[in-house]
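Quick heads-up: structures coming right below.
Two complexes are shown next, each including chain A; its partner changes from chain B in the first to chain C in the second.
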Partner chain A sequence: MRENLGLAIFESLGYIDPEYIEQAANSRGGERSTLRRTVRLLLIAAALLSLLTAAACASAWFGLGARLISLGGQGEAGAGEGESYVSLSGLQGSPEFLAAGQWLEFKNSYEQKMVEGQLAEGESLYDWRDLERGFARENEYDLAVSRIYGVWDEAMLKELKDIAGEYGLSLHTRAGRPESGELEGTVYENGAYKYGFMLPLHDSYNLVTVYYEPWGTLPAMSLPIYAPGEYEQWEYETDLGARVDIALRRQPIDVPENYEPSPGELSWDCLIFCRGDGADLTLRCSWSGEPAPQNTAEDIADALDFKALLEDGSISAVAGAIKEK
Partner chain B sequence: MKKAFLIFGAALLLAFSEASCLEAGETVEVSCPGPSATAAFDEAQVKTAAPYTAIEAAGESAALEFENHEENITFRFDTVDIEEIPETMPVLRMRPKVIDSDWARTMAEAIFGDNTLYEYSEELNRAEIGEKIAEYEDALREEAIKEALGEDASREEIAAYTKAIEEQLDFYSSAYEYARDEVEPVECLWTFWPSTHYAQSSWDYAGRDTGYTDRLPYGATVELCAQVTMDGLPYRFNVNNREAEDFRNHSMYALLMPPMYPGTPDYTPWMVENGVYSGREPGAEEVEAVEEKAREMIEAMNIGDWELDARVESGRYAYLPQEGMGYGIMPEDLYTSYDIVVDCKRVYEGVTMTKHPMLMDMRSTRPGASNYYFEELELRYCADGRLQNLTYWSPHELLESTDSGVIELDIGDIKSILMDWTAENIQLRDSLSPEAELLDVEVEIFSIELGLSRIKLDDTDFLLIPTLTLPGMYTLEYSLSGETGSDTRGSEASPVDILVIDLRDGSVIELGNP
Partner chain C sequence: MEDAEIIELYWHRDERAIEETDRKYGAYCQGIAYNILRVYEDAEECVSDSYQRSWESIPPERPRRFKAWLGTLVRNISINRWKKDRAAKRGGSFSLLLEELGECLPAPMDTEEAAELRELGRQINCWLARLGEGERRIFLRRYWYGDSIPALAESLGMSGNGLRQKLFRLRRGLRAFLEKEGYHI
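Moving on, here comes the complex of A and B:
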C-alpha cells in the first residue's frame, strides 16, 4: 500500500518524465525494506516537487516555458540554437509534448537531409516527395494520416506511426475546413481546430488564431516561435475567471543604430495559454503601435471566454465566446 | 461629447416649442417630448437662440452665409430651398434581408438574361500546380532567399519568409494529389460556400467545403460566386451573406472582370479594344435608353422601387502605365473615356431614401449609428450601353409601416442649430484631435434634402424615419503642438452629412460615422 502510495504521488504530479517514475519504481535493492523504499520514494517525490516548483516560479512553468519544444536545444525557454515550437497539446514531459517534439525533430531533419541529397545530385529540391502518395494508397488510414501530417514517403509514415505508438497517442484521420467563417481554419475529427478570426477590441479588430487540442492525439499543427527567451511571461485571471498564461515579445524592426522607436513603430507577438480538463487552448495574436502592450494582451485575454471554449470543445463555440471589450 | 450634442439637440426642441414665449438669453428647463427610438435625451438647461433674421420663405433660392456664436465656423449654403414638408410621413420598421439562392438566381437572370453562369473558379490544373510547386521550390533556394531579402537579413526575417513559402509549397503539394488534369467550367450550382472556397490560395481541391442552398448557417459568412460572359464582356457575379453575430450584411455585385489587373500593362489596351473605354460621348437618347434598360432590369431583379437618373460621366486614363500621371504626364494629356452612370435612390411608399455616406464602423454602438451599409444600388454602363458594374448593398424587408406627424422646420431653425456649433462638433466627427485648437472652419452645404434615413431600433431591426439632411463638405484649420494644419472632409462628388434632423421631433441625430 505504501509503495503504491509512493508511486501514486509520482503519478499524480503528472508532468514528470515517465522515466523518473520508472526508475523510482524499480529502485528495489534485495535487502531494502518496503518501508525504507516507500520513504525513499516519498523523499524523491518531495525533492522533485520542490525542484519543479522552483522551476515553475523561475520560468512560468505552466506558460511558454512548459510548452516550448526546442529542436536541438535543451528544452528550456531561451535555450537551444535550433528551431523552436510551442506545444499545442500537453506540457513538458507529457506524451503529447514528447511525441510532438520527436516528430518535428524527425520531420525537419529528414526533409533537410533529402533536400540536401537532391541538391548534391543537381535534382529538383523536392522531387523526392511522392505527391500522389502511392506508398499509402493501399490503406485508407495510412493515406489519411499521410495527408494530414505532411508525410511524403514510406520512411516518414513509418516514423510517424512509431512515434504515436511509442507514446500511446492517436493520429488525426480527418481534417476539414470550418463550415463557415471569414478566415481559414482546420477542424479535425476529434474536435481539434485551428481558427483565425477578427477579435473586436477597443473600437478596432485584432487578427487572432486559436488552436484547440484535446489530449491523447499527436497534433498535426505546429506553431513555430522565434526567440522564446525574449518573451515576458505572467499568469493572469481573466474577467470571466479563466486562469491563463500570457507570453509577450516585442518584435524587432529595422531601425538605425541609437534610434529609439516610438510606440507606434513597435510590434508585438502575444501567446495566451489556457488548460482545460483534457484539452489545451492556445491563442496567438500580433499587433503594432501599442504603447501599453501588457494591457492589450490582458484585454485580449478578457475578450475571449476561454472557459466556455474549453467546456464546449467545438469550433462553433468561438463566435459566442467573443466578448466585446 | 455625447452629452454636449444632446444638449444642443434639446436646444432645437426649445426653438420649436418655446421660442415664441421667450426672450433672447432666457434660461429654461427643457425636456424631450418623448423618447426617441435612437437615444434617450437628458433633461437639460438650455439657452434660447437669439432671434434670427427672417429668411426667405421655402421655395425661393437664396445663398446664405453666417458664423457660429464662437465666430470660428462659417457656414455657406448653396441653396436654402427646402422641399415642402408634408404633415405626415411614413416611419418604416425594417430588417436586413438574406439574399437566398432563389433570389440570387432571379437577380442574375435579370442582369445577364439567357447567358449561362459558371462557378467562379481559380482552380489550377495539375500541370499548373506542378509549376507552382517548382516556383516555390526555387524560392527556397539559398541564393533566391538572399536575392529576395538581401545579404543582411536577420535570422528571424529569413525564418518568417521561409515559413511563408513553405506553407504555400505544402498547400500546393497537398493539392497535387486531387488536382484535375483539365479544369472544365462547372455550371453555377447556386450554392453558398465559405468565403475561402473560391480563393486560389485556399481552393478546396480535396472537396471538403460544406455548401448551402437552403438555410444559411447562423453566425457565418457565405458567398456565391459565378462567372459569365455577356455581350462579349466577362463578368463576375457575387452574392455575400454575412450572418455573423456582431452584425448582418448582405450584398450582390456584378462586375466587369478583365483577364488582367488594373495597373498592369495590358489592362488599359484591353479596356480600349473591348470598347469599355470609349472616347465617344453618348447622346441624350442613348442615355435615356440606358435609364429605361436599367429600370426594366431593376424591376425584374425584384429589389423594390428606385428613383433613377442617368447621366454621362467622363474619366481620364493613360494607355500604358508609364504614360500615366505618375510619370509626369498632365491630366489634360490623358485620354478621355465616357460612361453612363445611373444614380439610384431607394423609394419606400413614395418617399425617397436619403443617400448618406457609407458607414465604416460596422460594429458601432453609438446612438443613431446604423452599424452597416445603407441600402444602395450603383449602376455604371459603357458608352455603348453595355453594363460595366452593378453593386447592390444591404437589402431590407419591410416589417411595419406607420404614419408619423412631422414638425415644421425652416431655414431659420437650421441656422439656429448651426450657430450653436462649437469645436466639439468637429471633434465629434473625429476631424480634430482633442489636444488641437480649432482655428477656423469653412462649411459648405450643397442642399437640404427631405427623405427617409435609417436608424437603429434594436439588435435586429431598423427604422426608416423622416429626416432633413444637409450634405456638404468642410475645411478646418487647427493648431497642434505649435504647428498649424488643415483638413478637408467631403466633396461635391462625395459629400459628408453636415446635419441630419429627425423630423418626428426635431432632434439632431449623428447618422454618419466620424
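Moving on, here comes the complex of A and C:
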C-alpha cells in the first residue's frame, strides 16, 4: 500500500518545474563529477605517458570507405541515399562486416514492417514488442543476446542466431559497466567496449567516444552516419607511430543564402580508425570553432596511443593511453 | 554541442541527433534509469527507447530545457518498465525509496489517474518552491533521481544517519504541507 502511495508521489514528481530538475542534476555525481574524475585521470595519464616508448602500429588504407555499411541504397562511400552505418568490426568482405550489414538490414526492415502493421491496426507503435521477452525467458543465453541486440520477438532472435551462425561469429552475452568506478562506458564479455571521455586539447576538452571490438563477434551496434560522401579522408601517422585513417566532415548549418559562416560557427564530425592485434578501434568526436579542423583531427589522433590500446585490449588502458596536447 | 544545436538536428531529421544526445546525456539518462531498475541491460533499453521517443516527439516539440525534458522522458519510461516487472521483482532499493515517499501522502489516491498525478505534482512543486535550494536539491536527488543514501551522503559530506534524519524531516514537511493545503481525494 505504502509502496503504491510512494509510486504516486514519485510519478507526480515528473510534473515539477524543469529548473529544479536541472539544479539537482548539476549537484549530482553524474555528469559534472564524472568529468572532473576523468580530467584527473587524464592528468595522471599524461605524466605516465612520458615513460612510454613510441612504436609503429601497422595499418594500411582501411578508412571509412572500407567500413561503410549502406542500406537500401548505393554501397559506395559517396552514397547519399539510404541509411549508412560504420562497421565497428571488420572491413568490407569480412564476416563481421557482412553479418553486421545483414543484421541491420533485417532489423530495420522488420521493425518498420511491424510498426506499419501496428499503425494499420490502430495500435500503439511499439505494442508488438514483447518487453518481458517471454520468448527467451527459459534460456539464459537467448535472453542475454536478446537484450543486447534489441531483439523483441522469436523471429528476430532466430534471424540473429542464423546470421551469426552463417558467418561463424559469436554473439555478445554480457554487457555492463566497467569494473572501475572511475570509468563511464559499456564493457562486453569478450573485452569489447564503448567508452566516452573528455580529451584535453588546445586548452579545452573534447568529448570523445572510443569503440573497441575484437574480431570474431558480431558487434552489438554499428555507428549511424549521415552523408558519408561528404567526408574528407586521409591516412596519418601519429606522434606515437600509429598509422590511422581519419574521416572528417563539416556538419551542415542553416544560414542565409549569401552568408559565409566564420570558422567559429562551423562544427565538425570526425572518425579515426585503427586496427591490429585482432581488433578494430574506432574513435568518434565532434567540435566547433577550430579554424584548422584537419590539424585538430590529427591532434586528437596524436593524443591517443592507439598501439597501446590495441595491444592491451582492455577499457582500463584508455586512461593510460591519453597524451595531453 | 549545445542543446539548441542538438534540437536543430532533430528538427532537420538528422540522425546525428541521437548520437549527440547519447554523447552528451547518455550517462545522465543511464543513471536515472539504472537507479529505478537496477538492471543494467534494462536501463540501457529504456535509454534507447527514450531516444526513439525523442526522435518521434521533436518535431513538433521544441523543449526549452532539453536536459530536464529528456530526464523526465527516461524516468517515465523506466517507471513504466519497473511497473511491468515489479510482480516478479518486488523488493530492492527502489521499493525502499517508494516506501519512504509513501509516508508523505496523507490519503490514498487512484494512482493510475494521470490528472491526479499532475495535480499532486503541482502541489509538490509549490512545496519545493518554499524550500531552500540546498534542501530542494537533496530531496530531488533522492526522490527524483533515485540516488542512494550512501552515495548522496558522501557527496554532501554528511553521515548516512544525518541524511536519513534530514530526509525524514523533509518528508514530514511535505506531508504537513499537503494536509494543510487540504490535499485529499
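Here, the second predicted complex is superposed on the first by the 257 of 325 C-alpha atoms of A that agree within 3 Å, B and C clash if a C-alpha of one lies under 4 Å from a C-alpha of the other, contacts with A are read in each partner's own complex, and residues count from 1 in each chain.
We take it that contacts are C-beta pairs under 8 Å (C-beta built on N, C-alpha and C of every residue); 3 or more make two chains touch, one makes a residue touch a chain.
These numbers were taken from a predicted model, which means no experiment stands behind them.
Q: Just to be sure I read the superposition right, which of the two partners does A:178 touch: chain B = first, chain C = second, or both, or neither?
A: It touches chain B, and chain C stays clear.
Q: By the touch definition at the top of the document, which applies to A:267: first (chain B), second (chain C), both, or neither?
A: second
Q: Is A:200 contacted by the first partner chain B, the second partner chain C, both or neither?
A: In the superposition, A:200 contacts chain B only.
Q: What is the contact status of A:132 with respect to chain B (first) and chain C (second): first, second, both, or neither?
A: Both chain B and chain C are touched by A:132.
Q: Looking at the overlay, does A:106 come into contact with chain B only (first), chain C only (second), both, or neither?
A: neither
Q: Per the contact definition in the header, classify A:224: touching chain B only (first), chain C only (second), both, or neither.
A: both
Q: Between chain B and chain C, pick out the one touching the greater number of residues of chain A.
A: C
Q: If we overlay the two complexes on their shared chain A, which of chain B and chain C does A:234 touch? Say first, second, both or neither.
A: Neither partner.
Q: Contacts for A:209 in the overlay, against chain B (first) and chain C (second): which applies, first, second, both or neither?
A: second
Q: Please report the chain A residues shared by its interface with chain B and its interface with chain C.
A: 83, 125-126, 131-132, 147, 150, 175-177, 184, 224, 226, 252
Q: For the complex, give me every residue of chain B touching chain A.
A: Residues 133-134, 137, 140-141, 154-156, 159-160, 163, 169-170, 173-174, 176-177, 194-196, 202, 204, 206, 208-210, 217, 219-222, 244-246, 361, 363 of chain B touch chain A in their complex.
Q: How about chain A: which of its residues touch chain B in the complex?
A: Spelled out, the residues of chain A in touch with chain B are 83, 124-126, 129, 131-133, 147, 150, 152, 175-184, 200, 203, 224, 226-227, 252, 316, 319-320, 322, 324.
Q: What residues of chain A sit close enough to touch chain C in their complex?
A: 1-25, 27-31, 33-34, 83, 125-126, 131-132, 144, 147-148, 150, 175-177, 184, 186, 196, 207, 209, 223-224, 226, 251-252, 254, 267, 269, 284, 286, 288
Q: Hey, which residues of chain C end up touching chain A in the complex?
A: 1, 5, 8, 12, 14-16, 18-20, 23-24, 26-28, 31, 40-42, 44-45, 48-49, 56, 64-65, 67-69, 71-72, 75-76, 79, 81, 83-85, 95, 97-105, 108-109, 111, 116-118, 120-122, 124-125, 128-129, 133, 136-137, 140-141, 143-145, 147, 151, 155
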